[in-house]
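Across the two complexes that follow, subunit A remains constant while its partner is subunit B and subsequently subunit C.
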Partner chain A sequence: MANDAVLIIGGGPAGLEAARGVAGLGARAILVERRNNLGGAPINERYAALTHGFRDAEEVMNEIIAEVTSEALIDVRLGYSVAAVAGSAGDFTVTLAKEGNGHSDVVNVGAIIVATGFQHFDPGRETQMYGYYEFDDVITLQDSERMLKDRNWVRPSNGESPKRVCFIQCVGSRDRHIGNEYCSKVCCGIASKQAIEIRQQVPDCRVFIFYIDMRMYGYWENEIYWPAQEKYKVQYVKGIVTEILKKGDKLLVRGEDTTMGRPVEVTMDVVVLSNGMEPSAGTKEMARVLGLKQNKYGFIEVPHDALNPTATSVPGIFVSGAAAGPRDLDDSVGTGGAAAMKAVSLARKLARGDLQLANASR
Partner chain B sequence: MAKYFDSSPSKIKYDDVPYEKKEELFQQVKSDIRFDDYLYGCYECGICVAACPSARFYDFSPRRIAQALAREDVELVFQQMNEDVWDCSQCFSCLRCPRGNNPGGLITIMREVSINNGLRTAKEALEGYSRIIYKIMSTGTQVSPDMLQPEAFPDWGPEVKQVSDNLDLWRRALPPETMHTTTTSWEVDEKTIVELYLIWSMTGVMDLIRNVDKNLHMILTDVMEERLEEAGYEAN
Partner chain C sequence: MPVKGVKQAPIVVEKDSVTVRGIELKGQWNRMFEPRVIDDYDLTHLDRVAALSGGESIEFCYQCGKCVPVCPVDVVGNYGPRKIVRKLQLGVDLTEDADLWLCTTCMNCLRVCPKEVDMIKIMPAVREQAILDGKFVPPELQKTFENIARYGNPQGESPRKRADWAKEAGVPVPIMASVKRPVDVLLYVGSYPSYHPRGKDAARAMARVLTALGVDFAILGHEEKEDGDSVRLAGEKGLYETLADSTIKTLAKYRFNRIVVFGPHEYNAFKNVYPKFAAENGLAWDYAILHYTQFLAERLDQLTPLLKKPIEITTTFHDPCYLGRHNGEYDAPRRLLAAIPGVTLVEMGRSRENGYCCGGGGGGMWLDSFAGGHQKMRLSERRVQEAVEYGASLLSVCCPYEVSRFEDGVKSTGNDGKLIVRDIIEMIDEAMRAE
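Take a look at the complex of A and B:
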């Protein structure tokens, strides 16, 4: 039986926005989240401030979560994952399995939105030169977010307040050897945002950012990049670090200062690896269960990133957020809303039996 | 504060000083009232270098100046205060910086700090300018034909001697009004010279001159003493 209910897989920013969008259009939304909480990466990874506006991530996400959970048209299923799908656009039969206890539910929906997101690149996986698993004071962006959130940004090795900290950009991104040739899009802004937060929380700590290109598009330029340089005196060094070595209880960072045209060897107390995005395990699993085409990087393939960013290779199944590739919060929430609109309109056209219109709205 | 980058050890032509002294010079530059208006941040677009005439002829980059100061690279700033800043022609083409930086203005500050602290390189760089300053204070104009001497312009080649030997004749042959003199270019009102001196005196330029060339400073104050009195000012 055709209906306009939409199943949304993933309770992060994109999935939450998709659920709000579906309900806003007057359709029923079933929001499935494998974890026992909503909020996605900002909550699970314990992010500190969000761009834009530096608002507390937990506070912002809780506002959105409260809206979603109080909406009568949204049925939130925590601790569930999608085990099987049958049927086609306008009439999907989906088996939801409760994690751990073997209980399962079958739901019938007209369309599906995949919002299973990304995972942070594991810098110990390939880039051993940075010694992520070797040195306690080599950390990732999400490690740094947690310390910022706790307002306890210290050297993990000894708990002391750092005097010199550097970020290394493009770790796990823009790298043919690793296979992630794409830019992860957010790391420049996040590193700069964190640099500002470190300078706010540890004022006598100097912060350096080693980069290839700074990609501070749109308002990130004036909201983050310029203040980081001008107000917070964060030092941007064009050149990428080749390796990190131990020197006494410090880290010796070797690279090139391409601006001044000479090699650099400096010691740091903490090195933050600006690790990029990869498709999450959930994204890869959902692509398999739902039979969605993936691109060479494992993200879910869309017909056109700009002109049709929410469709997938399967009619009636849409994608939003970073499941479809590296996306910032702006794009994730934006595609969440777009996917809701596409999903509901397709389901309704199919319910009315208007196949011609339905084909046109894919 | 440890130095930021290891400077290359090659070709040191200036006198090294203890790190504390370099830090002090840097702080003098940084605490100049103009500094914050001249330096915001640099994203290394290179437009200042592209616009810079000196960058075409010397190993000089206004971007490196801005960058070194922004990074608070005390060692490099000291090196630049001894070398790079004297390669700038102070044309301020670098003002087209989209971030609103003023590398030329930063160089102005760095030069003044160099002079005020008596760096030998500043004296050497400004040596040739003593006669120009003297010419201004004595005639009101910074160049005159008789300054065209072979030893002052070795890079102009042997033709300079031909001109300078018969300067008076060449001068008389020129169609425009030249006052038939080789010691000045045109007539300057006494009042203009006095006002220029007062401006230099009040803005600290005379102090800079004293720091670079004590004798010149003495000559200038002597030359001006009488003029100032005639104009109704006290010598100090």
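Take a look at the complex of A and C:
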């Protein structure tokens, strides 16, 4: 009994956009979210302004959530996870388990979209000596987002306003030792965005960014990087920090200023580690449950085809957002919409019995 | 070192500081002459430069390094716009740093800079601040400022002698104050053609060429003063404004159709800088300005038949920074050279938009001794070597700063007899002398 209903796993930006897309095409969407709220990382991690565009993350996400929850064609299942799947493209039988109480539910859908996203790299795993768990004033991008959102960007150790802050780029990315050889794509932009926000909220605090390469593709260059430098006077220093030591009540940042070819030993009040992206626990688990191939980093593998970015190794199952690898919001939402279109069109072709067409449109 | 067959550990005495012949030495200097570790990014001086009017773009630099390979000063030393930005970021006070006086404002960095970091505005602004703050100003530059302020020319010559060159021109050179009627061309001679021996050769050649073409021209004579553009770029804004004010008012007394200038620096001043100054000060400034190569190139139909004597020589042409990069004129001088019979032009590697700098711009003309202390060789010497490398026997120029600079360079690089230096106007004058 083929149908064009689509199961979407994950209620973050990519999943929300996929649900909107499916409903917009007139098909039924079942949006499953393990947590008890929608919104994904921007809400759960309490982001301040979005990269790019600088709109308030909570405000924007709430607008999208309101649209999804008021849409009759979308069945939102909060607190559910996907326990099992059977069948094939056009006719999947999926068991949804309610977290905690053992209740389960079986649904029948024509296609599945995985939108289980990423998690921030845990700097406890980094191979330099940044001492994230050792020093209160060494924080991550998401710690910094929370302070920016609360408009209380201070030194965590003593609650004082900082005078000197630096970001260290590529923490947990581009690193063979750690195993994450890829660039996480967004950290240069987010660090620069946060540097601007810090300068806005704490004007007498100087902000430095230690980097290997600044990767500010497209409009991030003129919308974030250049204003950070030209208007907000953020200081970019090429050369990455090797280690952080305690010096009095400050942090001694040691590295090389590569364009000067000289060692650096400067003190900072707060160090922000620009930690990258890794596959979320949900992404890894769904890959296992759904039988999807993962790449060597644990992200869901997209068969190598630049022109088909939402395909997976299993026909009828699509991937969107950062479950497939490091992605910014634009790409996450974009692939959410693309996956919706692919999923509904495949399910409908199969429902019509047009298998040849269905195969061609995988 | 073993002593009596037993290995002895070396005795190392390291003191924090010691006084040698009355000079106190820090212990760390025993190992290296500057502290190696960067222990602070003191942004005081970077902020200060960025706060200056004209200094804003210093912070635009993202250290791509494009400027360094094209910087003529880096070719002969260790310098480069992006390096200056880094020094500022490291807490160096540019108003006290030798780098401040090495920039020739040649504009090759700005030409290639993706962020438009404008050293042509930054350097003069910081130099002005250094002067206002009473910081070190190279004495030779200070002396030049004084000469110009007192005598109206950098050489410190008598203003009364400004038109003396004309006596030996062999043709009448009318003075505006005496002709008492409108003329077609006001020839603005400039200080080097007025006073420097080799400059005077070119000035006389100019008078003869204009006369041969039947041009109705006159000069200002002793009313003429240094235009002040290089003074401005060297940081003496007050003196520049005095000179601009004086020149604008002098010219306002007379009627003429156009101003023809000898020097690219005057050309830049009159075309790009004076209009703004005049507008801000309620003065009139609306003149057609032509560099002499442009004026003559417009008259090639008339000029070419007069060039009867072949000059059989291989020449190369040095683009003046302030005619080429600053004002986009690359063709007029080349068209004149092409019109001279016998002349073969070979282009140097660094030519046109990427032309090398003679070292004279932005006050460099008056900083040779100082700059020499920070460079392996002079920029003019490097340029002479390049001309020789490209097989030229004659280095042709059209900026009055250059003849003397390059002739000195020919001697100091041992190229006497291999390369001669001529202003294009001298070559035209010579080609007119049918034997």
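Throughout what follows, the second predicted complex is superposed on the first by the 358 of 362 C-alpha atoms of A that agree within 3 Å, B and C clash if a C-alpha of one lies under 4 Å from a C-alpha of the other, contacts with A are read in each partner's own complex, and residues count from 1 in each chain.
Operating definition for what follows: a contact is a pair of C-beta atoms (placed from the backbone, for glycine too) under 8 Å apart; a residue touches a chain by one contact, two chains touch by 3 or more.
Quick caveat: nothing in here was measured; it's all calculated off a predicted structure.
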- Message: Following the superposition defined at the top, how do subunit B and subunit C come out on subunit A, clash or fit?
- Response: clash
- Item | Which of subunit B and subunit C A:238 touches, first, second, both or neither | both
- Query: Does subunit B (first) or subunit C (second) touch A:230, or do both, or does neither?
  - Reply: both
- Message: Once chain A of both complexes is superposed, is A:353 in touch with subunit B (first), subunit C (second), both, or neither?
- Response: neither
- Task: Classify the contacts of A:265 with the two partner chains as first (subunit B alone), second (subunit C alone), both, or neither.
- Result: both
- Query: Should A:257 be classified as contacting the first partner (subunit B), the second (subunit C), both, or neither?
  - Reply: both
- Message: After the superposition on A, what does A:214 contact: first (subunit B), second (subunit C), both or neither?
- Response: both
- Can you list the residues of subunit A that meet both subunit B and subunit C? 214, 225-226, 229-230, 233, 235-238, 257, 259-260, 262, 264-266
- Message: Give the list of subunit B residues in touch with subunit A in this complex.
- Response: 4-6, 8, 40-44, 63-64, 67-68, 70-72, 76, 99
- In the complex formed with subunit C, which residues of subunit A make contact? 206, 208, 214, 225-226, 229-230, 233, 235-238, 257, 259-260, 262-267
- As the complex stands, subunit A meets subunit B at residues 214, 225-226, 229-230, 233, 235-238, 257, 259-260, 262, 264-266
- Query: Which residues of subunit C touch subunit A in their complex?
  - Reply: 36-41, 43, 47, 50, 59-60, 62-63, 65, 82, 86, 89-90, 115
